[in-house]
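Pasting the structures here.
In what follows, subunit A forms one complex with subunit B and a second complex with subunit C.
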Partner chain A sequence: MDMFLAFLTVITQPQLLLLVGLGTFAGVYIGAIPGLSVTMAVSILISFTFSWEVYPALALMVGIYMGGVYGGSRTAILLNIPGAPSAIATAMDGYPMAQRGEAGTAIGVSTVMSFIGGFIGIGVLALAAPFVSDFALTFQPRDYMLLAILGILLVGSLSSGSLVKGIFAGALGIAIGAVGRDPLTFTERFTFDLQIMEGGISFIAVMIGMFGVSEALLQLHHVDKTAVKQKISRIVPSLGTVKKHLPLSMQTSTIGVIIGALPGTGGDIAALMAYDHAKRVTKNPSRPFGDGAIEGLVAPETANNAAVGGAFIPMMTLGIPGDAVTAIMIGALFIHGLNPGPMLMVDNPNMFWFIVGALVMANFFILLFGLTGIKIFTKIVEMPRSVLIPLILLLSIVGAFAVNNSVTDVYWMLGFGVFGYFMRHYGYPLGPVILGVILSRLLDDNWRRAIISEREDLGRFFSGIFSSPLSTVLLLAVIFIFVSQTPLWRIAKTRLFGRTGSN
Partner chain B sequence: MDPDYRGDADHHDGTSDATPGGYTKERRPGELGFAVIMALASLYLLWSAYGISGFDALSAPGAVPMATTAAMVISALVILVKTARRPKVTTETLSRDILPVKVIVFVVFLAAFGALLIPLGFLPTAALFLIASVKLLSDRGWGFAIGVSLFTLLIIWIVFRIVFTVLMPAGIVPEAEILQFFRNLTSGGAA
Partner chain C sequence: MKHFIVGAVSALVLGATTAAAADYPTKEIQGIIQWGAGGSTDTVMRSVTPHAEDVLGGTVVLQNMTGAVGAIALNHVAGAKADGYTLLMGAENPLLYKVMGLGDKDYSEFTPINLLARGTAVLVANVDAPFDDYAGMMKYIAENPGELRLGATGPGGLPSVITAMMESVEGDLDVISVPYDGDGPALTALQGGAIDVMPAVLGAAIESIRGGKMKPLAIMDVEASDKLPDVKPVTEFNDGYSSLLPWGPFFGVFVKNGTPDDVVAKLTEAYAAGAENEDFVSLMDGRGYTIMNMSGDEAQDFLTTWQQNTAWLLQDAGLTKASPEEFGIAKPGE
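Up next is the complex of A and B:
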């Protein structure tokens, strides 16, 4: 009964409900504006809400988080600029749809699918938090490391270009992430004795450069063309469309929750894995993937919102952040005198159920704000490119500057923008670079933890992997993805199954 | 027709990450040069990674950087060999399809933006940037360029400075004083 009352707190207190609504609304637009990240917004909010009670502060942050994950999909669809890393996969099919003049359908489908995915995530959070905490406790450093490699390889295999270029891009990303002083030994890495390199390269600058600036520079080729006219007559998708993709959305939501629940891996990897899954299981997509397939929109959008619920699981049960935003929320809980971790669930179960309630309401607000107000938003796309391109560039500069208030980040952004421009021209995928930068630290730390615990012995390291079912499965998955992309796999498949057609 | 070939008429319009702009069977102008630069840069980075801690220990700070740069070198060399074997696209030129003057001009604009941001301040720099680029890209008159730019800038300034309180360098514009003036005006009116 107490539990149920705590769950309803957010509805019984109107000002809390209002804050969740306000947060979700702001989140949708913050997520949608390139260069303004949810992570940034939530970290700024901590300083705003410092003097608040803990419930209102959490209500606002939960709203922004949920709204932001959804909002990132809008610019991904309309401008091919993912507003958030979790929307990278959404751009792959969402933008081609917008180019065909189906922006309304794309946004409608992504809204409803985010709603469905969000609910599944919250449901799993509510039901399975204790069980998942037990499972996650058994994770070894080597498992985190394998997960990171798996993530990067997956993005590499996602891009329709060559896997070699994907591997190159992923490795480059890890190297970029390693720039600066090593956090464990304080050794300088890739700093070339330059002082500005010591602090490392801002991930936001790399991302804005590669996805904002390089896209804008590429659009300069087409400035004379008329702007993409968006017909957004129908936004609410038909029941038939939703029903048709319900089975897929259930599968991808499940992927989203699981990936979101793994510490460190959030909506971005969940969305990419779900996209990959959809690509594999969908026999007859509405259109080829990468060309505007609705399935390619359903998968990442359900998964990244399901991952929100998932990301709260390790945060609430272990005190380990599921992603960057939950990491900041852990900081917020500390500020308010709470100690996130296994004891929080025991000492303060009401807090957990309040968060679940706030997430549920935020999810309803997404549906409300997502299916209204799109017409104003799509006006951005109907702007002439001669105005839109300078605007994107200006927003990119503001975004890159605002992270650390430094002009250096603006130059990094510009440098990576030009580099990304060439990469796009020559068929190098950009996704693996971004993922490599995000996962670089995780990969490095866990490799070192793992190998130190095995006394620097590679033999012991591998026998350790094969003695644990989890590590074995992860390693096999890494090997499988690698092999499945090489000619070797095709030869083996033909040998084993005979002629399998043109594939 | 090869599905990966995006043709010349509308090549790479809004290329998404899933559909990189390269061709699978041909090499674009400058692609070989890019591949050579990538291979050389990877080699340099590998050497630099070796310099971090050498073959000290498997857990040394240089271990993962060495492994990743080694992966870069190997993949860059494979790409280089593959690229060199392909025939060149005959319908494209470097100055028209890869690096037209417009793109170079905009890179210079952005670099100038960074250089002027601190001494001149955000508002004048952004105004100059917007006016110059809108004028350059549209074939409309100065009135259109200046009007659209200043209006856009006003909205951006309101959203970032007032709603999100992102502080951009003030430079020569006394932003804080102007804001204070309006605050005094509204509070004066209320009193």
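Up next is the complex of A and C:
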């Protein structure tokens, strides 16, 4: 009963509900603007809410977090510029839809799917948190490494044209991610003895440049063309559409929760993996993937919002952050005199149920704010390009600077913007570059940790993999996905089943 | 005429500076935190600063500027004006930048405003580890050479210093040192069994110890901590540590050298009040940190001694890139 009351705190105290709503609303817009990140907003809020009680402070933070993860999809769909890393996959089918004048439908679908994904994440948090966090802890360095390899194999599904160009782009991304002082030994890598290279290249700067600036430059080619008129008669997707995609959204939400709960991986990787999963299992997409398939929106949007609930799992049960935002929230709990850690659930179970309640309400607010005000948003894409392009450039510069208050990041961002423009021009996909940057550290650090732990002995390394069911399954998944992308597999499949497979 | 203008201008400038110092702060102060949001430096600075602001009568805008183990933030503040409007909020490790080859600047370019608190290190082990205290661990290492996985956070980090201490007291240890990028990820890995033992600051491990998720082997101090009274100090296992301890990481607020004295005085007063604030003290105490609240010459002496002891300890363990001698860091006791 106590726990039910704690769950309802956020509803019984109107000012808390108001704060969750306010947070969600702000989060949607912070998330939508590239470079203004939830992480930044929440860390500013720590100082801002210092003198508050802990509940109102958390209510605001939870709202911003949930809203921000959803908000990233807005600019991804409308402008092909993901507002946050977790919306990179959303742009791949969302933007083509907007180009057809279906921005309203795309936003409607992504809102409802974010809502569904968010609920699955919260449900798992509420019902199975201790179980999931124990599972997440069993991931060893070698498992993270295998997960990263699995991620790198997504290059195939993120490259629309030539696979060779995709692989080149992915490798470039991994190299960009390795620049700077190596975090394990502090040795300088690819720094050319330049001080600006020492801190590495900000991943957000690369993302904003590659997507934002290069998109603006590309649009300059069509500066005189009139913008596509957006149909906004039908925003809320029909029950039939939702039902049709329910099985897929369940699967991708599961991916989201697990990847979100793993310390060290978050919504960005979850969304990309979910996108790949959708591409693999969907036999007859509404349109080909990359051309505006609804499935290509469903997968990343469910997964990244499910990852929010997932990230709270290790935070609430063990005091271990599931991602950057929950890391800051742990700091906030500490500052408010609570002791985040395994005893929090025991000493202060109401806190857990309060957060679950706040997440549920934030999720409802997403539905509310997501399905209203779309008209104004779609007006953005209908603006003349001569207004829109400078606006995109301005947002990109502000965003790149705001990440770390560093002008260097702005230079990087502009440099990668021009580079990205030429890459697009010559048919090199940009998705794999970002994928490479995201996975670079995960792969590199964990491979080294794994092999160092085994005294740099490959034999011991492999016997370690085969002695753990989790590692074995991950290794088999890597092998399966790799082989299934080779011509050999297609030949074998034709021989065995007597017909050509769908991939 | 020319002289008059120069005189007038300098008088104006001087007048302006004195005026600025007298009613400092007249604008927002930037507080640059060397480490990421949510980390221990971040939480300490965000908990003390609002109390200091009350005394200061101004706003300190806190910003995290991460990268290159804090060197980016340090260089940023060193490059700003010495007017007291840019504060550096950091931990102990810049004192090791020079010997570790991570940069050519350290706290000698800065004036300490307040050294707020100091942490105590503790050795923690995975709950399933086949030993329960420090002696058991040493026995296990001797019987199973090259099997124990010891967590690390890179050269110059707390684990590397504690490991150097252990090697200087116990002789070479045949263990595998597995590097992580911070004590948070390493302690997570410890709970998952990827590493067996981790030297960590008590504040980062205390809640997991209370929750039974990891077991303490020894407090790396000369006396037991009142937070964990049942855990023996390491000096009870081997007295050789008593010459090296107490040692611990610390958190401090700094301004660039050359900042006007009255600005330094005002900041010192403000942060001293912050460090004495009841809420802050109980917050730090609950996490196992010891309040230092040191400023002025006392703080300067502390920094010098800390740097000498630690740099030479690492030098003797063969972990440094350059000898402390090259930077004029005297050997302790000389």
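Everything below uses one rule, namely that the second predicted complex is superposed on the first by the 486 of 503 C-alpha atoms of A that agree within 3 Å, B and C clash if a C-alpha of one lies under 4 Å from a C-alpha of the other, contacts with A are read in each partner's own complex, and residues count from 1 in each chain.
The criterion applied here is as follows: a residue touches a chain if its C-beta (ideal position, glycine included) is under 8 Å from a C-beta of that chain, and two chains touch if they have at least 3 such contacts.
All values reported here derive from a predicted model rather than from experimental measurement.
A.B. asks: Given the superposition on subunit A, are subunit B and subunit C in a clash or a fit?
C.D. replies: Once both complexes are aligned on subunit A, subunit B and subunit C fit side by side.
A.B. asks: Go through the superposed model and pick first if A:Asp2 touches only subunit B, second if only subunit C, both, or neither.
C.D. replies: In the superposition, A:Asp2 touches no partner, neither subunit B nor subunit C.
A.B. asks: After the fit on chain A, how big is the angle at subunit A between subunit B and subunit C, using C-alpha centres and going to the nearest 10 degrees?
C.D. replies: Result: 90 degrees at the vertex subunit A.
A.B. asks: Quick check for you: in the superposed arrangement, does A:Tyr95 touch first (subunit B), second (subunit C), both or neither?
C.D. replies: A:Tyr95: touches subunit B, not subunit C.
A.B. asks: Who touches more of subunit A, subunit B or subunit C?
C.D. replies: Looking at subunit B versus subunit C, the one contacting more residues of subunit A is B.
A.B. asks: Considering only the touch criterion stated at the top, classify A:Phe190 as touching first (subunit B), second (subunit C), both, or neither.
C.D. replies: The answer is first: A:Phe190 touches subunit B but not subunit C.
A.B. asks: Classify the contacts of A:Pro141 with the two partner chains as first (subunit B alone), second (subunit C alone), both, or neither.
C.D. replies: second
A.B. asks: Using the touch definition from the top, say if A:Val164 reaches subunit B (first), subunit C (second), both or neither.
C.D. replies: A:Val164 sits against subunit B, while subunit C stays out of touch.
A.B. asks: Taking the superposition on A as described, I'd like to know which of subunit B and subunit C A:Gly337 touches: first, second, both or neither.
C.D. replies: second
A.B. asks: Using only CA atoms and the superposition described at the top, report the least gap between subunit B and subunit C in Å.
C.D. replies: It is 9 Å, taken between the nearest C-alpha atoms.
A.B. asks: Residues of subunit A that sit at the subunit B interface in one complex and at the subunit C interface in the other, please.
C.D. replies: Shared contact residues on subunit A: 184-185, 405, 448, 452.
A.B. asks: Where on subunit A does subunit B make contact in their complex?
C.D. replies: 36, 41, 44, 80, 88, 91-93, 95-96, 99, 158-162, 164-165, 167-168, 171-172, 174-175, 178, 182, 184-185, 187-190, 192, 211, 213, 215-223, 225, 288-290, 384-387, 389-391, 393-395, 397-398, 401-402, 405, 407, 410-411, 414, 417-418, 421-431, 436, 440, 443-444, 447-448, 451-452, 456, 458
A.B. asks: Which residues of subunit A touch subunit C once you look at their complex with the stated criterion?
C.D. replies: 39, 42-43, 46-47, 50-51, 137-141, 180-181, 183-186, 195, 198-200, 263-264, 314, 318-321, 324, 327-331, 334-335, 337, 339-344, 346, 404-406, 445, 448-449, 452-453, 455
A.B. asks: Along subunit B, where are the residues that touch subunit A in the complex?
C.D. replies: 3-4, 10, 12-24, 28, 30-31, 34-35, 38, 42, 45, 48-49, 52-53, 57-59, 61-65, 68-69, 71-72, 75-76, 78-79, 82, 97-98, 100, 102-103, 106-107, 110-111, 113-114, 117-118, 126, 129-130, 133-134, 137-138, 148-149, 152, 156, 160, 164-168
A.B. asks: Taking the complex as given, what residues does subunit C use to touch subunit A?
C.D. replies: Per the stated touch rule, the residues are 36-39, 42-43, 46-47, 49-50, 62-69, 71-72, 75, 100, 102, 146, 149, 154-156, 176-181, 184-185, 187-189, 191-195, 206-208, 210-213, 279, 282-283, 286-287.
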